[in-house]
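Below you'll find a set of structures to go through.
Shared between the two complexes below is chain A, which has chain B as its partner in the first and chain C in the second.
What follows is the complex of A and B.
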């Protein structure tokens, strides 16, 4: 089998979410972001997460996207839960599995004990739920919004045009960058570099970054020259237009309702 | 339309002028070819016409340039872009939008045209440049030739009278070049002034009105470029043992790569083989399979008696060079770069010898990425050779090389093959393919001919 490309781009489909005005989607994302931060109770976060999952199925993502999302979420959950389980800071905390008791001589004193705490695990689970919400949300936006529309939407709500352009160009060139990194890694192996294990990984990274960064800078310069001769100055008219339709109002209204409901009942304020 | 009068230019921080005492006049409907080695000032001359000098590259200049009655230094690049359109070598870095029609509109949007005007120009340009059928296609799905066509179409929509091309077909295969010939004809017929800087221009000569040759920033009288007889690289392999063989090899299609169907091929020790064919014919896929980078989905690739070996099993014995040398230069200086492979394989290496071979003895302490494009390519080849592999595989080794570096590269390969080593390279360039002692031609993932010279 051959290496595939990084599955993170717009998919041209006709779903409700594709039809929404980018500004509506930006507003909905902001509300979502608020909820992710504000909601304290796990039930509320779970509710938000399931809503997002439902939306994710509505936009009918291809299998490769689902796979990427699931593996990213798994990494986030495992990492957060374990690290919080061990290093939970707040009191009270109940150890459920003790590796080094606090009163075990000098090593206990030095480390302050090493154990997995129940409250830590729960706290980690809640934190990772937040991360997962953010991941599903960003994937929905990427899949359903044509990048130029997103940029235009951002511009219309007051984000400077140059920042918008930088974002468009990054989205456009990211897959190429990832492909390049892959080729460099193969080239390293072919030159006899041992890239196995953690140490090998670091060595590979050390020899990956310089060519990758220098080549990106070269590419950036080429892009800048090409943009200059195409009259780019930051100031431009747009061929695409945005229109707020009825489904936008409905979607915005619904999400506001959901937000108020979740905050009111699960905000823990 | 263009009048250049005793113009000289020095890049900031460089002691040597990039252009010296250039005088030149060009009129509507002309097609002018600029030739010259890398670093001879071809690109700089174009930058002086489109305003990148002095607006982006500001150095010291003297003399006068007039484009359509204006001096490029007096008006902005944006203003100038209405008259002068520029197309660069790398089509990929000239595409900004995800969809063909949006990219064609990009320049017009920047010129602040009203929406209806943009749509009119965009559609007109796509129709004239043969992109109408693929107007809603995503740009990353286009072939190399189509991408270059798109880059030209986007410039065309802005309506310039002068077209500057900076090595526009270096990355294109024979079909792409034929395509480009058609576009040049069209532009000429439309009364545009075209200035073309190219290394490989033979096939465009019927359209060319005038040839200008630059040498170290000065205009010189033209002289002929070196030619190579077919089979310049001698193959000494006919009776030797087989080092790589493919038996009914299939490789499945995935993004951007062409499938291989039922490939049967035997390559013997000491042979110099060119895999030729259009972009997308499967030659790079085949080359990667020969290196163990891609595993076949069916069939067997045998490398040194190992069936479908992994990269680790043959690392050091098979050298592979990707198309872009910059992705293969990791070290902090030229010397270290050459020693990199042998060091990690635990082999001894005569660094001096390879420095000498690469012609970079005087640059030993320099950072590889600061060398010129041609030097970087030679360094990348030499660094692979330094591992003393028995087989050397190269993907499009001549891309972007001028005649001097081209000659140097092939003399390296020739020397190496005379030591009884095997060389296989994939190329879309007819001249490069003709230099090998055996040419395997691919089309649509199959071998359609296999010729041995002598």
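What follows is the complex of A and C.
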């Protein structure tokens, strides 16, 4: 059931990235996030994107994941190119298609004219690489790290235990919730509820949410009772312990080196 | 210059958090959640995740109208959640828990998004502290919805988009999106308030 609900999820494989400590992956994703922000030159962004793609192939994703990633990136690139083509911020800019001239009534005055600029399209294509980098990175993290390990890693780097507990319980709720939501929707459709279109969506919200939440609250009370009788106080112990191995130090060192190199040659604050 | 502005926005989030913590401490309102309340918050994090799943995979990139349609289900569930656990800290726990959940499950852990979630939570906490009301009235809920819509879209289009993703938008477009976000959040708050009545009655008196 979970498989159909999430386009991406953890895949149990034996690759070098699966063996890394979750804290190393969090640190690497933080470095990558910094690079996404500070890299200015297209060559640097392209370099980062290529590195991430190589990493992505190393974790051996199934074809369905590659297809999902490509379609997500295509959407991101298309909309970024179009939006930045319209809203290009810098000068000079060359209009290649004018929709609303600046002096055409109140819409023209309000918007300052609406046109697609050549430089904007190029700028959008370059900037969409940032989004693509973030998407590839997220997919690598999601398919190589089991969610509970990631939560444990986050707790070890200082995220409050209560937030960790909330996220752990949320993940456990998800399959049951999706299953229950489907069941309620089928029941409502059998009673004649039309959920098609925007209006149908709002109507579905009205008929789906109360029974779904009330039923889930019942389950929440049961879980709370089970936690209380086990003397849960907010602090948890974990069967799995995290330990930095040599491979983690090497990965962290390499990532730091790549980050410094890219910032030094292609970055700028 | 760009980086400085983004860092300034981070400092603002930290200051808001510190101010909030100081006020809550002075008023002796430091939240203590029972296990049942924590699990209820977790349940709402999951519902938030499911409700906006369609937006994560494409719909949120549709220009012009996305802010409105994104805001309605999000605010509806947020309002129901806060009305079920009406105390300081609930809204921050809900928003941050949901943000972390979606990062862990689908978008990858990206600390650059954490200030965005914290700001959305802190602003609503301050609003609740000032009004002394945790969505007990429809007017308070609509006010919270409008405030949420305003803050998250302004922050996204004036700070996150230009300084993280290097994407720029015309002021008229930013205000169009913000206006839609405010309208969608207000509508979501109305729907959430209306739906929560039945749920609260069932929760308190229905033997759940």
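Here is the rule we go by: the second predicted complex is superposed on the first by the 178 of 269 C-alpha atoms of A that agree within 3 Å, B and C clash if a C-alpha of one lies under 4 Å from a C-alpha of the other, contacts with A are read in each partner's own complex, and residues count from 1 in each chain.
Just so it is clear, contacts are C-beta pairs under 8 Å (C-beta built on N, C-alpha and C of every residue); 3 or more make two chains touch, one makes a residue touch a chain.
Everything numeric in this text was worked out from a predicted model, so none of it was measured.
Asks: Going by the contact rule set out at the top, does A:229 touch chain B (first), chain C (second), both, or neither?
Replies: A:229 contacts chain B only, not chain C.
Asks: Answer with first, second, both or neither: which of chain B and chain C does A:80 touch in the superposed model?
Replies: It touches chain C, and chain B stays clear.
Asks: Is A:218 touching the first partner chain B, the second partner chain C, both, or neither of them?
Replies: So A:218 meets both chain B and chain C here.
Asks: When both complexes are superposed, which of chain B and chain C contacts more residues belonging to chain A?
Replies: The partner with more contacted residues on chain A is C.
Asks: Considering only the touch criterion stated at the top, classify A:147 as touching first (chain B), second (chain C), both, or neither.
Replies: Both partners, chain B and chain C.
Asks: Just to be sure I read the superposition right, which of the two partners does A:163 touch: chain B = first, chain C = second, or both, or neither?
Replies: After superposing on A, A:163 lies in contact with chain C but is clear of chain B.
Asks: Once the structures are superposed on A, label A:265 by its partner contacts, choosing first (chain B), second (chain C), both or neither.
Replies: Neither: A:265 stays clear of chain B and chain C.
Asks: Quick one: classify A:183 as touching chain B (first), chain C (second), both or neither.
Replies: first
Asks: If you stack the two complexes on chain A, which partner ends up touching A:244: first (chain B), second (chain C), both, or neither?
Replies: Once the two structures are laid over each other on A, A:244 reaches no partner at all.
Asks: In the superposed arrangement, which partner chain does A:138 touch: chain B (first), chain C (second), both, or neither?
Replies: second
Asks: Shared contact residues on chain A for chain B and chain C?
Replies: On chain A, the overlap between the chain B and chain C contacts is residues 9, 147, 168-169, 171, 210, 214, 218-219, 223-224, 227-228, 232.
Asks: Quick check: in the complex, which residue numbers of chain B touch chain A?
Replies: Contacts found on chain B: 50, 52, 55-56, 76-78, 81-82, 84-86, 88, 90, 92-99, 102, 105-115, 118-119, 122, 139-140, 154-155, 158, 251-252, 254-257, 285, 291, 293-295, 297, 311-312, 315-316, 318-320, 322, 324, 326-331, 340-345, 369, 383-384, 387.
Asks: Could you pull out which chain C residues touch chain A in their complex?
Replies: 3, 6, 33-36, 38-43, 45-47, 49-50, 57-58, 61-63, 69, 72-73, 76-77, 80, 84, 93, 96-98, 100-101, 103-112, 163-170, 172-173, 191, 195, 198-199, 202-203, 206, 208
Asks: Mind pulling up the chain A residues that touch chain B in the complex?
Replies: 1-5, 9-10, 146-148, 168-169, 171-172, 175-176, 180, 183-184, 186-194, 207-208, 210-211, 214-215, 218-219, 222-233, 235-241
Asks: In their complex, what parts of chain A are in touch with chain C?
Replies: 6-9, 25-26, 29-30, 33, 36-38, 72, 75-76, 79-80, 82-84, 86-89, 110-112, 124, 127, 130-131, 134, 137-142, 147, 150-151, 154, 159, 162-163, 165-171, 173-174, 177-178, 181, 198, 202, 205-206, 209-210, 212-214, 216-221, 223-224, 227-228, 232, 269
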